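My structure is below; once you've seen it, I'll send some questions.
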Amino acid sequence: MPSATTILDARAMDRTLRRMADEIVELNDGTDNLIIVGIQRRGVQLAERIAATIKARNDVDVPRGALDITLYRDDLQTVGPRPVVGATKLPWDLEDKFVVIVDDVLYTGRTVRAALDELADFGRPARIALAVLVDRGGRELPIHADVVGKKIDVAPHDRVDVLVEELDGKDGVVIARRDDDA
Amino acid sequence: MTRRLLLQGGTLLDPSRRLDARGDLLIADGKVARLGGTIDAGDSTEVLDCAGCYVSPGFIDVHCHLREPGREDVETIATGAQAAAAGGFTAVCAMPNTEPVTDNQAAVGFIIRQALRAGAARVYPIGAISVGQRGEALAEFGEMVGAGAVAVSDDGRPVASAHLMRTALEYAQAFDIPVIDHCEEPTLAKGGAMNEGVVSARLGLPGIPTEAEEIMVIRDILLARRTGGHVHLAHMSTKGSVELIRWGKERGIRVTAEVTPHHLTLTEDACEGYDTHAKMNPPLRTAADVTALGEALRDGTIDLVATDHAPHHYDAKEREFTDAPFGIIGLETALALVVTELVTPGIIDFATLVDRMSCRPAALFHLQGGTLAEGSVADVTVFDPGRAWTVDPSSFLSKGRNTPYAGRALTGRAVYTIVGGHVVYRLGG
Amino acid sequence: MTSALGKDLLGLEPLTSEQIQLILDTAEPFKEISERAIKKVPALRGQTIVNLFFEASTRTRISFEFAEKRLSADTVNVASSGSSVQKGETLVDTARNLEAMRIDMVVIRHGASGAARFLADRIVSNVINAGDGTHEHPTQGLLDLLTLRDHFGTLAGRRVCIVGDVLHSRVARSNIWGLKKMGAEVAVCGPRSLLPWAIGEFGVTVFSRVEEAIEWAEALNILRLQLERMTAGYIPSLREYNRVFGITRERLARAPRDVLILHPGPMNRGVEIDSDVADGPHSVILNQVTNGVAIRMAVLYLLAGGRPELAEAAKGGSER
């Protein structure tokens, strides 16, 4: 029977996301040419929160996009019955833009690599940065996050789940530990 | 020297003499010498144990395709005659749609000779109605009968011309032979691959409506009435045809009919998955037709069972459904199918089976056999009505393997097939 | 483990409504890819797909080719005319040769009903039926469903009438199965000689007059009438067909509602459909073509899912 530990509750998560929003604006030296792109699925909701904070703090509507990386996965040939592909929305010219990719958990780095491949098919931004709510280490590729909500240390067989109100009914970051070796 | 054969301990079943009783049968010099009760074997007599079996007049299949001359790659008269014997048939009639067509006395003679060489079941040639089966000029019925033909037919094809059918029925009377028609109205059936119905509509296959057969059935019956000739309707497949034959017989018209084991046991559903082993002409129809045909066999509206054994090369059937040729083999499964699907469920009894597979064919086609009367030719089938076996096409004596019954568990098997007093087939070799 | 659709897509009749739903839903994101500047995703990179077309067809073949290339697959076109008998090489041999070359997927169009099934039964590769005789044309059926769904939002309860030569139409059959499984109400309309004799068993309404069909329907799927039908004695002339069954602006004007117009193409303008209808405001014929590529991408993508020898169990949660 797995046990679950809450790393961030709803309030802590909210504070962390606000701080991340500020860091992003700082990284870009402002809000000009900024585009926030969330990775399906929960990265999209987190991107929404971050953009809302930026709007509240800077009174600027930063464009929000979504990226579904299913078709760019490097393990697509072996993964079995196809996962359903979500929506990708990137209706702008990326030239001269500063794109910040937002994802919930950074682990092996393969998702981000797929997102970079996909972005390359859309255009050539001036700069791409990565913002993640949780960095759990365990990289298999040389990928690094520019903005990190929380860095944690977990065993490989543990799961880190980010919950968002829109999809899961509540906010939070939870570690599910497996007691048995299932 | 007298060659004697004693069939011991079986049940003698001869509906032509209302005989159905345990008893022995003694054969000498190729004829039935004595039958009934217990018979002493005596000297130089081979004894065959027939316990648990029926001993009946030999089965006769009046409709099969032996492919020789022309398609010896697919069947020869020898392999066909052996397959017939394995199926319990002591005689078969071979249809003339060979290459070249059997439409003259030399061709008829060739078949007779090949059959004698084969030394298995008897093979009686059927001559063509028209030269080359082209449906134009009559073939020489007299010459062909003189050489040994027992009937005429353009089977494979219908006799499309009513005029030709009429003259054939008139002309054939001089030789007292039946004219066999493959009833298929060509313009209705054209391009069709299976029965026209809901299955063909779903599979997207062109259909052959039942009327294609029935239109020719009533035509032939009316022409038989007009001419007084004997028309024999090949491989009936529809309920409508049965009704028309009944109509004709009620009026004393000389119409007789046959049905195949597959039309008695399969429906158009067998075509699912585009299985070419379910493709034949006339096509498999619906359950209502199957029921009507079984009933007609029981009450005699349909006179006999004939296999329409039609071997095809594996490659030929291994094709898109619309391209594959029509036809399946049937000599080695006929008895078991009739036993399993008609006798066991009680639609007909064994006496009727023997009547429809031996007595009637012999009578209608004026062939020897069809009876166990003393002095008659010793064409005898010994069959085990309860013998269970599974159909394995690779073990058939026929060269053909195109059967939809592969893997089926059936009951009923010929144990000995005796032709003119010679055992031409023993189960188990 | 096999894909959610099994090994092959041979028709819509064998599919469940869930499977059809999955294909339609999967096609949505694929529509977006065709709007991008770079119309390519690496999803089927390294897969080899053969388009085996025994019947000439430019539009379907091109549509499949675009779908394959936009998924980064390698495609080969083999065009061949005639049946096995005429060609010399049997369909069985063709199948075996393809398998020996380790082709991943075959898209086959053939003049014989059942040809796709014949091939699928004999090779390990995925087989997609691009039209077999008069049996089925599943991707066409699916793109018609998608087009209808785009317009109406749902398919359940929608009244769709298929007009024309249903007897000889694989598009009609696929549409009937697909629409019924998705809960639509289906009707057919055409000369009785061009409807299957057993059409009554299909659970569809049969209209003998096209005016009745137009009055009833929310959408018409208009089938192409082929010249050969006239010479084969099914109908007297194309001119009469147009006068009695043609979809014209006048007939549509008398309809109680706007009727959506679909046509699988290619059109015989002035026969089954008049130009001002085909090019009119209610025609979604071009949408059908666009959706065709997305549907085919979705089908290829779904079928390629799960090779038993390569698949590993999908891990719970996603690998980050």
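The letters A, B and C name the chains in turn, as written, and every chain counts its residues from 1.
Keep this in mind: contacts are C-beta pairs under 8 Å (C-beta built on N, C-alpha and C of every residue); 3 or more make two chains touch, one makes a residue touch a chain.
Because the structure is predicted, anything quoted here is derived from the model rather than measured.
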Most central chain, judged by mean C-alpha position against the global CA mean: C
Furthest chain, CA centroid comparison against chain B: A
Cα-centroid distance, chain A relative to chain B, in whole angstrom: 78
Chain centre separation in whole Å, for chain C relative to chain B (CA means): 46
Inter-centroid spacing, chain C versus chain A (mean Cα positions, whole Å): 39
For chain B, residues contacting two or more additional chains: none
Parts of chain A lying in touch with chain C, wherever the complex brings them together: 68, 70-72, 75-89, 103, 105-111, 117-118, 121-123, 136, 159, 161
For the chain B and chain C complex, residues of the former touching the latter: 196-198, 200-207, 209, 273-274, 315, 318-323
Residues on chain C engaged by chain B in the complex (per definition of touch): 13, 83-85, 90-92, 110, 112-115, 117-118, 132-136, 170, 173, 196-199, 201-202
Residue ranges of chain C touching chain A (in the complex, touch as defined): 1-4, 22, 25-26, 28-30, 32-33, 36-38, 40-43, 46, 71, 301-302, 304-307, 310-314, 316-320
